[in-house]
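In what follows, structures are represented as structure tokens.
Each of the two complexes below includes subunit A, the first together with subunit B, the second together with subunit C.
== the complex of A and B ==
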């Protein structure tokens, strides 16, 4: 009985260990998203430091999700306009990207280093889904990956409108991602 | 002992199961699960028309506010429908924290200086922690510097003060309608004679209705419970227009005071007699202190 138990336990242990190695999920709830929509003299930029993100090392599945209301601006009035007039955050409370790192096989999460990652997936902003393909960087340090990257979107692709867009507010917005994951 | 082992094995299987299920599909998982969501932008500005709204200016933001009130439109063309009789107030408001703001101002009416502080006690929230309304407290003091005509009594400096305490209870019902109740107590340090009390209670009712992304209609009415004879309850109707960093508030009112004491207790005009005054507020927000999240970010 005792040996039976030992065998059983070790089998399960091995199973458990390999599962973790093969399908590790990295996650964070304090990722950072920044965007810059400055069109003219005024700086229109915001940051959200409570971004939810997960990354599966085996499949390359990658999700990043942010609450629209979590973006902080320099100016409260801008923040209110952003929520009420442009993003309509009561109707569309969150924005997310769901996709894959297509070259996940090239990234070794057990080895420190800097890797280039190709992202391919769907970006949902203001309730509109668009395909996005972009490059980013994955830095692995002591088993903890950090994803960083920058890409731009056209506001009109996401149905965001207003008379200031193209004037005070840039029509093309730069988005910057910065997420350090726990393992 | 035996039972313990079985339990151990069972728990291990459970862990394995959990790890497996977690790695199945990240897309199907829930994100940004948060317990509550603070309701913002109940009103467009820190004032509804004359009175305080539940809104504060943001942390580190300085709001420069110019208010004009003209005379009664019913005065006709001789005074250019009241435009010859402008009173004005310039003020600076500042957000110390996201709950506390202070402000100072100077009105031409009675050469008043005023200062106030406003604190958000409860913020309206939805989600898991549901609070259907917000509560703020405003304390303001007004110092009148107009020289008195009376010669029989030389007033002390303290006689020139009056105070107002207000509780703001506001609810953003939906994206289009917000309402606010404002129980108010106004205290005069000096009144004209001993038959007049020093404390005056009143209750305000304000609303904001959103017409479009940039245009809102506001209303503000104060019902006086204790009344000074010869004055009327103030009723104001306004339009808030937003343009980027500015908010324009245009309104008609039977009052042309801009400090609590003046517009709540000492409104000289009457809607019934057509004593309507046109007025406007213009605000411009300046960032004095950047939020710390945004410091040191280069584009």
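== the complex of A and C ==
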């Protein structure tokens, strides 16, 4: 009877442990977002190395969230204009991309390798939500995944306006994502 | 008449030169230095005692201002992109809203999890369901 109980307990424990492993949620507070809106002679690009991101390995659910104030420009004046005149960061302090990796079953988080991932979600910028579908990569190394990808958005789709858009600032902006999960 | 024209031309040249210098040279070389600013000394409770459901209102008081506060280190993470350290400080409850501190220096730190530290940095705000973020921070 005691042996039976031990076997049963082991089976329950293994099942529970497998379940926990299957529901692993990876997270980081040090993800990276880069954007490039160079329209003319001047380079208009910024980087944010303070990006929050979570990724659930079982469901493919992900969230990438950044504070607008976290974007750093080479030029301080550009950074001030970006926050005050274009992104209105006091009114809309954050941006995020939430959704699912639709082919999560193709990604083996227990095996090192580079996998193609299909991201499907809602991108919120400047308080405007738009559906975004894009391809990216998930690189798994020693159990830690890194997601990377690049996509473009039209500023007018997010209600971002300004006199320099289309002239000095490109109307279509490229956004690059790079998040290495810590656990 | 010629002198007036020359004077106007000189003023235009000086103004254009000044504008070019300010926009393309000064602004590139002079970034905001939070550490030279007088910080608002706050407690963790004061920083977080806001309506978390209203991010704009929550960000209002300390957003974009230099703040200084003390709290124990809960988590440490090395940023793979710029080699700086990110510390989470707070009340020890990982499910509560805490404070993510992004250190300015690339030098490592001697502190460990559980140490009570005082930091000074720029409050960059909070997003829904995330911690309050303080960037360009130093440990005092």
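Throughout what follows, the second predicted complex is superposed on the first by the 166 of 183 C-alpha atoms of A that agree within 3 Å, B and C clash if a C-alpha of one lies under 4 Å from a C-alpha of the other, contacts with A are read in each partner's own complex, and residues count from 1 in each chain.
We adopt the following convention: a residue touches a chain if its C-beta (ideal position, glycine included) is under 8 Å from a C-beta of that chain, and two chains touch if they have at least 3 such contacts.
Just so you know, these numbers come straight off a predicted model, no measurement behind them.
Partners subunit B and subunit C, brought together by superposition on subunit A, clash. By the touch criterion defined above, A:172 lies against neither subunit B nor subunit C after alignment on the C-alpha atoms of chain A.
After overlaying the two complexes on the shared chain, residue contacts for A:28 are found with subunit C alone; subunit B is out of touch. Once the two structures are overlaid, the count of subunit A residues touched is higher for B than for its counterpart among subunit B and subunit C.
Contacts of A:132 after superposition: neither subunit B nor subunit C is touched.
Of the two partner chains placed by the overlay, only subunit B lies in contact with A:164; subunit C stays clear of it. When the shared chain is aligned, subunit B comes close enough to touch A:84, but subunit C does not.
Of the two partner chains placed by the overlay, only subunit B lies in contact with A:58; subunit C stays clear of it. Touch criterion met: A:180 reaches subunit C, while subunit B stays clear of it. Taking the listed stretches 7-15, 43-51, 79-87 or 115-123 of subunit B in turn, the superposition on chain A shows a clash with subunit C for 115-123 alone. Residues common to the contacts of subunit A with subunit B and with subunit C across the two structures: 47, 49, 52, 65-67, 69, 74-78, 90, 93-94, 96.
Across the complex, subunit A is touched by residues 5, 8-9, 12-13, 15-16, 19-20, 22-23, 25-27, 29, 31-32, 34, 37, 40-41, 57-59, 61, 95, 175, 213-214, 242, 244-245, 247, 285, 287, 290-291, 293-294, 297, 299 of subunit B. Within the complex formed with subunit A, the subunit C residues making contact are 22-24, 27-28, 30-32, 55-56, 59, 63-64, 77-82, 84, 86, 88, 100, 102, 124-131, 133, 135.
Residues 28-30, 32, 47, 49-50, 52, 65-67, 69-70, 74-78, 90-91, 93-94, 96, 178, 180, 182 of subunit A are the ones touching subunit C in the complex. Taken together, the subunit A residues at the contact with subunit B in this complex read 5, 8-9, 12-13, 15-16, 19-20, 23-25, 34, 36, 38, 42, 45-47, 49, 52, 54-56, 58-59, 61-63, 65-67, 69, 72-81, 83-85, 90, 93-94, 96, 98, 162, 164, 168, 174.
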